[in-house]
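Before anything else, here's the structure in question.
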């Protein structure tokens, strides 16, 4: 098992009730699998549609894997301006 | 014969070398006839294309007639902004 | 409102006329005197107008914009007299609930004022010549 | 340049960055906090961002505008934190030799920033509720 920090932004803060989560998960997991298990655990009904995954402040693909100590982020559609 | 004042604007000032002309002409003349005789007298080769005739600060038609004491104006295409 | 100004245009004062609490967007255009035109070096220019008709035609354009676009406030001021490089020749500002209408109305006012308001530009060039410039019709 | 500001946006300072002698036109957009949205009365709002990515994406949009349009200077600043009605949320300013490019680039920057820069709006309503607003995709 590895430790990661997950950062939530915009409406995801409202959805998960917090802006960051410390999480333990198995190694070699993808961003997509992590997000889905996060939704399941928090009983949040959400799809990945419109959300952009980020690892250590860099946009990544949903199939990217992460490592212990990484900071992961999930960014919902922008609503600036 | 009647007396009128003619005001020139924009590039017409350059063309006629002055911004106003006091003029004596026969009664019942149209704006078009006046402009043409003005060009002829001042040896200016110009058409009425793009020019707007004005009598006493009101836009008029080229076929309008004017009266003694009227102030006539000829406005070339605008170039503000 | 459409106005003419013999002095430097006060953009801040004009802008304050467009502010209101329901407006979400504000678009403004400023026309500045450039140092070049048609390949010649411009040092200054002079704007003259048929003032009475300019005010009348300008105000009519503002009212056309108000009826054609979903905007709140629209203001335009055109400078007259002698201008140097960098001076402001025209200011157009529009506030609206939504941004698209503000952009459209601002551009409409600018284009129509340039085409229809009886104002004329006389450019002074570096070589000492001057030239009456006409906008594309 | 694209910047974020925790304090009130200083439009005059941003505008001075766009001024240069060859520019004949300047277009700016200001987004103001409205007192209503989707039929609810808005009293305030809060903008948050992924700051590092917001700066990166925002700067990329400015550079896209520079290469797509014939413009001279382009500047955008987005406000973060707590804003009240009438406060400025975003400022976009573009200078160009000709007006059309300035209008097009200003609108391009605004639309693309709204769509792509990771900034989120949380509206506070008169009834005490708050809501995360998403722009049309």
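All chains are identified by letter, namely A, B, C and D, in their written order; residue positions are counted from 1 within each chain.
Just so it is clear, a residue touches a chain if its C-beta (ideal position, glycine included) is under 8 Å from a C-beta of that chain, and two chains touch if they have at least 3 such contacts.
All figures in this text were calculated on a predicted structure; none of them were measured in a lab.
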Shared chain contacts [subunit B and subunit C, defined touch]: none
CA centroid of subunit A to CA centroid of subunit C, Å: 50
Gap in Å, rounded to a whole number, between the CA centres of subunit D and subunit C: 24
Subunit A-subunit D separation of Cα centroids, rounded to whole Å: 27
Overlap residues in subunit D, where contacts from two or more other chains coincide: 31, 110
Multi-partner residues of subunit B (each touching 2 or more other chains): none
Category of the chain touch graph - line, ring, star, complete, other: line
Interchain pairs in contact, sorted by label: A-D, B-C, C-D
Touch list for subunit D against partner subunit C, complex: 19, 21-36, 85-86, 95, 97, 99, 102-103, 106-107, 110
Residues of subunit C defined as touching subunit B within the complex: 31, 47-50, 52-53, 78, 89-90, 110, 113-121, 132-135, 137
Of all residues in subunit B, those that touch subunit C in their complex: 7, 9-11, 13-14, 50, 52, 54, 57, 59, 73, 75-81
